[in-house]
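First subunit A sits with subunit B, and in the next complex the same chain sits with subunit C.
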Partner chain A sequence: MQDTITIADQYQEDFQDLCATLPEWSSEFRNEAMLIFKQIGLPVHRKGNEKWKYTSARPIAEPQYSLATFEEVDLDTIKKAAPWHDSWLNVVFVNGQYQGTFSSDTSPAIQVSNIASDDFPQDIVESIGGIMDYSDDGFAAWNSAFMSDGSIISVPDGENSGLVINLIFFNQGVPGTVNHPRVLVTSGKKSSVNVIENYVGGGEDNTLTNSVSEIYVGEGSTVNHYRLMSETDHTYDVGYGRVKIGTGGRFNSRAFFRGSGIGRYDLNVLVDGENASCDLQGLYFTSGNQHMDNFINIDHLKPHCQSNLFYKGILDGKSRAVFGGTVLVRKEAQKTDSIQSDKNLILSPDAEVDSKPALFIYADDVKCAHGATAGNIDADTVFYMRSRGVDLETASRLIIYGFAGEVIDKVEIEELRAYLEEAFLTSLPSHRFEF
Partner chain B sequence: MSKSDKLIEVKDLRVSVEETEILKGINLSIHEGEVHAIMGPNGSGKSTLANVIAGRPGYSVTGGDIVYKGQSLLEVEPEIRARSGIFLAFQYPVELPGVRTWQFLKSAIDAVRKENGEDELSVREFDQLLEEKRNLVEMDPDLVKRSVNEGFSGGEKKRNEILQLALLDPSLALLDETDSGLDIDALRIVSHGVNVFKSPEKSVLIVTHYQRILDYITPDFVHVLVDGRIVRSGDSKLALELEEKGYEWVRESVGEEVNS
Partner chain C sequence: MADQKVISRQTGVEDSQYKWGFELDIESDVAPKGLNEDIVRFISAKKKEPEWLLEWRLKAFRHWTDQGDEAAPKWAQVNFEEIDFQDIIYYAAPKSGDDAPKSLDEVDPELLEAFDKLGIPLEEQKKLSGVAVDAVLDSVSVATTYQDMLKEAGVIFCPISEAVQKYPELVQKYLGSVVPYSDNFYATLNSAVFSDGSFCYVPPGVRCPIELMTYFRINVADSGQFERTLIIADEGSYVSYLEGCTAPMRKSHQLHAAVVELVALKDAEIKYSTLQNWYPGDKNGEGGVFNFVTKRGAARGENSKISWTQVETGSAITWKYPSVILQGDNSVGEFYSVALVNNYQQADTGTKMIHVGKNTKSTIIAKGISAGKAENTYRGQVSILPGADNARNFTQCDSLLIGDECGAHTVPYIEVRNPTAQMGHEATTSKVNDDQLFYLQQRGIDLEESNYMIINGFCRGIFKELPFEFAMEASQLLRVSLEGTVG
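Then we have the complex of A and B:
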C-alpha cells in the first residue's frame, strides 16, 4: 500500500521536465502548487475524509501515470465522441493538448485563448487559481502544478451574441497516462455566454483525466455551463468546477454524466453578490461496475439570492453513485431561497446510491428545502400504462426516458439537446420493471 | 337487447386482498350494447370488480371466473386484456412525469393496432385522430404536449381518461368512479364522451357511488353491491330509488329477506 506522499513524489521528475517547456508567467503558481501537492499527496483514505467518504480514490491514485502526449487522430473520431455544430466555436484538446487544426477560428467577440500561450494580462493570470483552493485537495493541487493546456475565455462587458463555446477534451486512451485540462471563464458586466465542456474518449487501459475549471460570473451576467462526461470504463475522471457569482449574476449548470470507471465532479459555487442565483441540474447514468460521485457545494454569502440544485440518477448493473449536495447559508445571507433534490431510479438490485443532501443555515430569514428519493417505479404507474395496451418493455422505456428527459428537456441549446436525446437516451438500457 | 352476444360474464367471482375477502361471489353478464351501473356504498367492493376485470395486480382471485369474448381472463396479462378491448378509466389517473401525453397515447394506440394486425399510425394520421377526439372532450391542446396527467386538474385528468377511451375505442369501457370530484361542466363533457362511444357493439360498466352521472348516461341495468355481493338488480329506476332512500334502505331490505 502506497503512502499518500510518496504518490506525489513520483511526479517530481515529470514536473521539472514540464517546467522547462512552459511559459514563465505560470512558474510561480506551479511551484507553489507542486509544493502543496507533495505535502498533502492524494486522498487514498476514506476514513475521516468527508470529501471522499463514499468514493475510494485509491484505485485512481495508486497507479503511476505519465503525462499524455498527442498522437495522430482524425477529426471524425472526435466529432463522433462529442457534440459538434459548425455554428459553435469548437475548441479541441487531444490528450490535454490544444489542436488548432481541429478548432474553429477565434471569435472577434469573445477572447478564447490557450493556457500554453506566453503572455496574458495580469488580471487573468491572477484569476487562475483564484477560486480553486487546493490547500487540502491533492487532485486539484496536482492539476495546478501540471496544467499544460486549456482554455481561457474572457467575455467582454455587454457581450450577448449567444455564442456557444464547445470545449472538447478528447482522451485517446494511451495506457497509463494522465492529462490535466484547465479552464478559466470570466464574464463581463451584463454579458452572457454558453460554454460546453466535454470530457470524452478513453481506451482499454487505465487513464486519468484530472481537470479544473474556474468560472467567474460577473455583475448582472449569465453563464450557461454544460459539462458532459462520456468515457470508457477504464477511464478515471476527476473534475473540479469552481464558480463565483457576482451581484445579480446567474450561473446555470447542466451536467450529464454517462460513463467512466470512476467519475467525480466536485462543484463548488460561491453565491457572492446580492440578487445572484444559480441553477444546477444534473443527470447521471451508471451501469456495469461504474461509479459516479457528484460532490456539490453551494455557499450563500450574500442576501437575496436563489439556488436550485436538481440532480437525477439512473443506476443499472452493479454500479454505484454518490450525491453529496450541501447548501450553506451564511449569517449574512438573509432572504436566501434555496431548494435541492436528488432523485434516483434504480434499475438493478445490485446498484446502489448514497444520496446525502444537506443544509446548513446560519441566517434566520430564509426559505430552504431539500430532499432525496431512490427507488424503483411503483406498481400503479406500470399498471396504468399496461392497462392502455403498452407492454412492460415499452412502459419501462417510456418511464426511463421520461425520467431522464426531465433534465435533458431543459437544455436550451437546441442542437445540444438533440445530441443528448440521441446519445444519452439511446445508451439507456432496455429494461423491464418486474412486478 | 338480450338477443345480442354476451361480451363478458363474471361467474361467482371471489376476490381477496391480503387475506381479506372483498368480493364474495359476484355474478354479472354484460351483452354487447348494454350499459350497466354498479352502485354501492364505500368499501362495498365495486371498484375492486372493475380493477380485477382490467387485471390490476395485487388482487387474488380465490374462486369463480371472468369470461370475456368466450375466454377466461384470469391468466391474461393486463396489456393483452387492453388490446383485446377492455378499457379501465381510473378513479385516480396516474401521473407519468416526463412521459409526454402525445407519445404515451401514440404508443398505446399502436400497441392495440399491432395486436389486431394493423399498421402503426403515421404521425399525421395519429395527429388527425387525436385532434378529433381531443375536441370531443374539449381538452386544452397544450395538455397533450405535457407529461401525462402531471399538473392536470382533477377534471382534466378525468377528461384525459375519456380521451384515451375515445382513441382506443375498446369493446368494454369500465368507468371507475369517473364522476367523483367532477363539477357539472366536466361531468357533462365526460358523459358526452361516453355517450358518443356507446353503440350496439360497445358495452359500458359504470362504477359509481352517486346517481348523478346516470342522469347523463342512462343505464340499462343497475346493480347494487353491498359487502361484496350484488344484493339488488333492476333498471335505471333502481338508481333513482337508491338516491331517494339511501344505501341503508338496501341494507335493511336485504336484511329482511335474509331474516324472512
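Then we have the complex of A and C:
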C-alpha cells in the first residue's frame, strides 16, 4: 500500500527536454522508469508501509524541484567539502554534472566513464537497472528516468592495483533543485577496487540529492565501497544502493552519515554466489533536527556465505535515527553465517532512535544472530575513569570517541581514515550529562 | 476419591493425533449465521445487558462496519484466505445455559462429562489441585468452581455476563479502558459481539488464595468464539490466572477473536498464563482455528507488575501480541513465550512493552520452534517514551528450526526516546545442535527422545514460569506436537 502524490506536470516537461539531449541507448529504460514513477509516485504515507515506517518522505516529496544545472565553482571549495587525495582517481560531479576539468585522467587499467556519453558496449547498457527493482520505489524510478551524468566503473579481470576511485557529487545548493547521481560498478574476476562515493555540499535552502548506485561484485573479486553523506541541514538526501555478489566475491561497505536534513540510505545486497561474503558497517552521527534512516537488507540466496551487518549511531540534539536491517536467508542458502547489530548512543533527552533489526530465515542449517542496543554513556565506565583522575568531560569524550572509532578504525584507506577521524571525531559533543 | 473419568491431557507418545478433536453432543442455542446490528442486539438481549453496554457494542459494530474489511491487519507474516465474516455464527450457547445452573449439581451431567473428557476437572475431586475453573463452552460460561472459597477472600471470579449484572460499576469502569473498542479490526469485532468470558476482581491487599483458570472450548461448527476477559488487581493484590483452550477437529476454519484486558493498580501483580492448544489443522493444513487475539495489560499503579507466560502449540494461525503498558513508576512487565509450529501452522506472535513511567522494567524471553512446513515469527515492540527515565528492557528471542521447509523470523521494533534508557535485544536462530544430539544418542537415547530432551531444555526457562501442573502439561504438549518431526 503506497499512497502517492501527483507527479507535477513540470517533471514530465523536464523529462521530455532531458530525453532530447541524451543518448539513444537509454531512452527505452528511461521511458519505462518515467511511466512507473508517474504510476507510483513517492512514498508519502507511512501507515502500512514497512519500508518507510519511521521516516516521513512527505517533506521531501512535496516541494517541486527543478533539475539542477552547473554554476561556477572553484576546486578548493570541493576539496574542502569532501575527502581528496592526489593519488586517488578523483571524479567530480557538480549539481549532477560531470566536471572533466576537476577530475583526474581516467586510469588505463580501470575504465571510468560518464553515463551521458554515447558509446557503450551492450553488456554495460544491460547492467544499468539490472539489479534494481524500482517498481515499488518511487525515488529509484525517478532517478532512473532522470539520470544524466554519472559514472560507470568497470574493473577488468585480475586488476589488483589497489586504485582508489573517489566520486564526488557536489551539490551547490541552488534552492529548489534536484540532482540524480548514478553509479555503476562492475568488477571482473579476481579483481579488487576501492570506490568512495561522496554526497556533499548543499545550501541554505531545500535541495534534493536522489542517487542510485548499482554494484556487481564479480567472481572472486573484492569491492571496498565507502559512502559519505555530508550535506547541509537543508538538504534531503535519498540514496538507493543495490549490490550483487558473485561466487567467492566479497563486498565491504562502510557508510558514514554526518549531515543532511533528512537522509535515507536504502542498501540491498544479494549474496548470489557460494562462498561469497559481505561486511556492511555504518556510523551515523545526528544532531540538531537531522533525521537519518538506514534501511539495510541482506538477501542470502546461495549456501556457504557469510554476512556481517554492523551499524552504530550517536544521537544528539533533537535528531532522530532509524535503522531498519533485514537479513533474509532463503531455503537454498544453507550454512549461512550471519550477524547483525545496531548500537546506539543517545546523548540528548530530545533525540529518538527507532531500530528494527529483523531476521527472516527459511533454511535450517544456519547460524544467525542479531542484536540491538540503545542507551546513554555507561555511568560505571565514567566512574572508573574519574576514579583514575580523568575529568568528567574528558571521560565522556573518550567514551564517545571510542564508540565511534570502532567503525572508523576499519577504514583501510589511510588518507580517508584520517579525513573521517577529523570530520567525525572532532565534531562529536563532549558530554551532556550529570552522573 | 471418585474415579477421574478421563484425564486426556496425559497423552501417550504413541498417539500423535489431536486428542481434543471430538465433538460434544450437546444441544445448542444458536444464532443465525452472519453479522448485522440485529445480531448485536440479539446477543445483548440474550445476556439481558444494560443499555450502556448495548450502546457500547453498537458503537463498536458501527466502527467496524465503517472501516470495512480492508482494515483487517495485513502486516503479519501469515497467509490465509479472506474470512467471510457473514459466514460465521456469532452466538452459540449450550441449551442448558439458559437457566443458569446455581451449583455444579445442577449442571447438565453431559456437560460435566464433556469437560472431564477434556481433562478439565470441574468436580470436587480436583480440589487438591487448588484451581478455580471457569469453563466457557462456545460462547457461554457453563460453570465456575470454588465460589465459596473465593467469596471468603473477597475475590470476584465469575463469567463477565454475570459481572455485568452484579457489578456493573466495575465492569463499566474498566471495560475497554485498556483495549478500546476502536483498537484494531479484531478487537472492534470482539467488542461488538463478545459473548462471554471471565471477569476477575481482586480487592486491595488480597492475595488470591488459589489459581484461577478459564477453560475455553469451541464446539458448534462454523461458530466463532469471541470471549472477553477482564482482570482487575486492586492495590497491593496478587492473582495468578490460567487459560486453556481446545476445539474439535473440523475441515473448515474457525475464528477465535478474543480480547483480554488486565489492570494492575498500585503494588498489584497479575500473572497470566496461557496454554493455547486450539485445533491446529491436519497434516495437510486443512482446517484449524484462526486465533486472532488482542491481549493487553496496563500496569497503572506504582510498583505494579504484569507477567504474561504463553505456550502456543495449537491454532492454524496465531496472531497474538500480549502487551504491557508500563504506566506506573517502577512498574514491571514480563513476557515469556514458547511458540511451536508444525505442519502448515503459522504463528506471528510477540509482545509490546510500552514504557511510560519512570524506572520501569521489562523482560522479554521468546522461544520459537518451527517444524514441518510451518512459519514462526516473533514480532515485538519495545517503546521507551520521553518521560520514562531509567527504563530498562532486555529482550531475547531464540529460534530453532527442525527440517528445511520451515521458517523462523524475528521482527523486533525498538523505539527509544529517552537517553537514560538501557535496552538490549538479542536473537539467535539455529537448528538442534548436532554435537548434543550425538552425545545423547551415544548414551543410548534414541533420536526422537534426544530431540525432545534438547528442545524441552530449550524451553525450560519458560516452562518454569508456569504454575507446576501447567508446566507438566506444557511439556507433554510439546512432546505430542513434536512427534514425527524427526527422521
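Keep this in mind: the second predicted complex is superposed on the first by the 426 of 435 C-alpha atoms of A that agree within 3 Å, B and C clash if a C-alpha of one lies under 4 Å from a C-alpha of the other, contacts with A are read in each partner's own complex, and residues count from 1 in each chain.
Heads up, the rule we're going with is that contacts are C-beta pairs under 8 Å (C-beta built on N, C-alpha and C of every residue); 3 or more make two chains touch, one makes a residue touch a chain.
Treat the numbers as computed from the prediction; the structure is a model and nothing was measured.
Chemist: Should subunit B and subunit C be called a clash or a fit once both complexes are overlaid on subunit A?
Modeler: fit
Chemist: I want to verify the contact counts: of subunit B and subunit C, which reaches more residues of subunit A?
Modeler: Between subunit B and subunit C, the winner on subunit A residue contacts is C.
Chemist: A:Cys368 in the overlay: touching subunit B, subunit C, both, or neither? Say first, second, both or neither.
Modeler: A:Cys368 sits against subunit C, while subunit B stays out of touch.
Chemist: Kindly classify A:Asp380 by the partners it touches after superposition: subunit B alone (first), subunit C alone (second), both, or neither?
Modeler: first
Chemist: Look at A:Gln334 in the shared chain and tell me whether it touches subunit B only, subunit C only, both, or neither; answer first, second, both or neither.
Modeler: Second partner only.
Chemist: To the nearest 10 degrees, give me the subunit B-subunit A-subunit C angle using C-alpha centres.
Modeler: Taking subunit A as the apex, subunit B and subunit C sit 70 degrees apart.
Chemist: With the two structures laid over each other on chain A, which partner does A:Asp354 touch: subunit B (first), subunit C (second), both, or neither?
Modeler: Only subunit C is touched by A:Asp354; subunit B is not.
Chemist: Determine, under the contact definition given at the top, whether A:Val390 touches first (subunit B), second (subunit C), both, or neither.
Modeler: In the superposed model, A:Val390 contacts subunit B only, not subunit C.
Chemist: Between subunit B (first) and subunit C (second), which does A:Ala404 come into contact with in this model arrangement: first, second, both, or neither?
Modeler: A:Ala404 sits against subunit B, while subunit C stays out of touch.
Chemist: With both complexes placed on chain A, how many Å separate the closest C-alpha atoms of subunit B and subunit C?
Modeler: Closest C-alpha pair between subunit B and subunit C: 14 Å.
Chemist: Using the superposition on chain A as set up above, list the residues of subunit A that contact both subunit B and subunit C.
Modeler: Shared contact residues on subunit A: none.
Chemist: Applying the document's contact rule, which stretches of subunit A touch subunit C when the two form their complex?
Modeler: My answer: residues 48, 50, 331, 334, 344, 346-376, 432-433.
Chemist: Would you tell me which residues of subunit C are touching subunit A in their complex?
Modeler: Residues of subunit C touching subunit A: 74-75, 77, 384, 386, 399, 401-431.
Chemist: Report the residues of subunit A in contact with subunit B in the complex, numbered from low to high.
Modeler: By the definition above, subunit A touches subunit B via 379-381, 383-392, 394, 398-399, 401-406, 409, 435.
Chemist: Using the touch definition from the top, list the residues of subunit B that touch subunit A in their complex.
Modeler: Residue list for subunit B touching subunit A: 54-58, 77-79, 81-83, 87-88, 90, 93-94, 96-100, 103-104, 107-109, 111-112, 115, 147, 164, 168.
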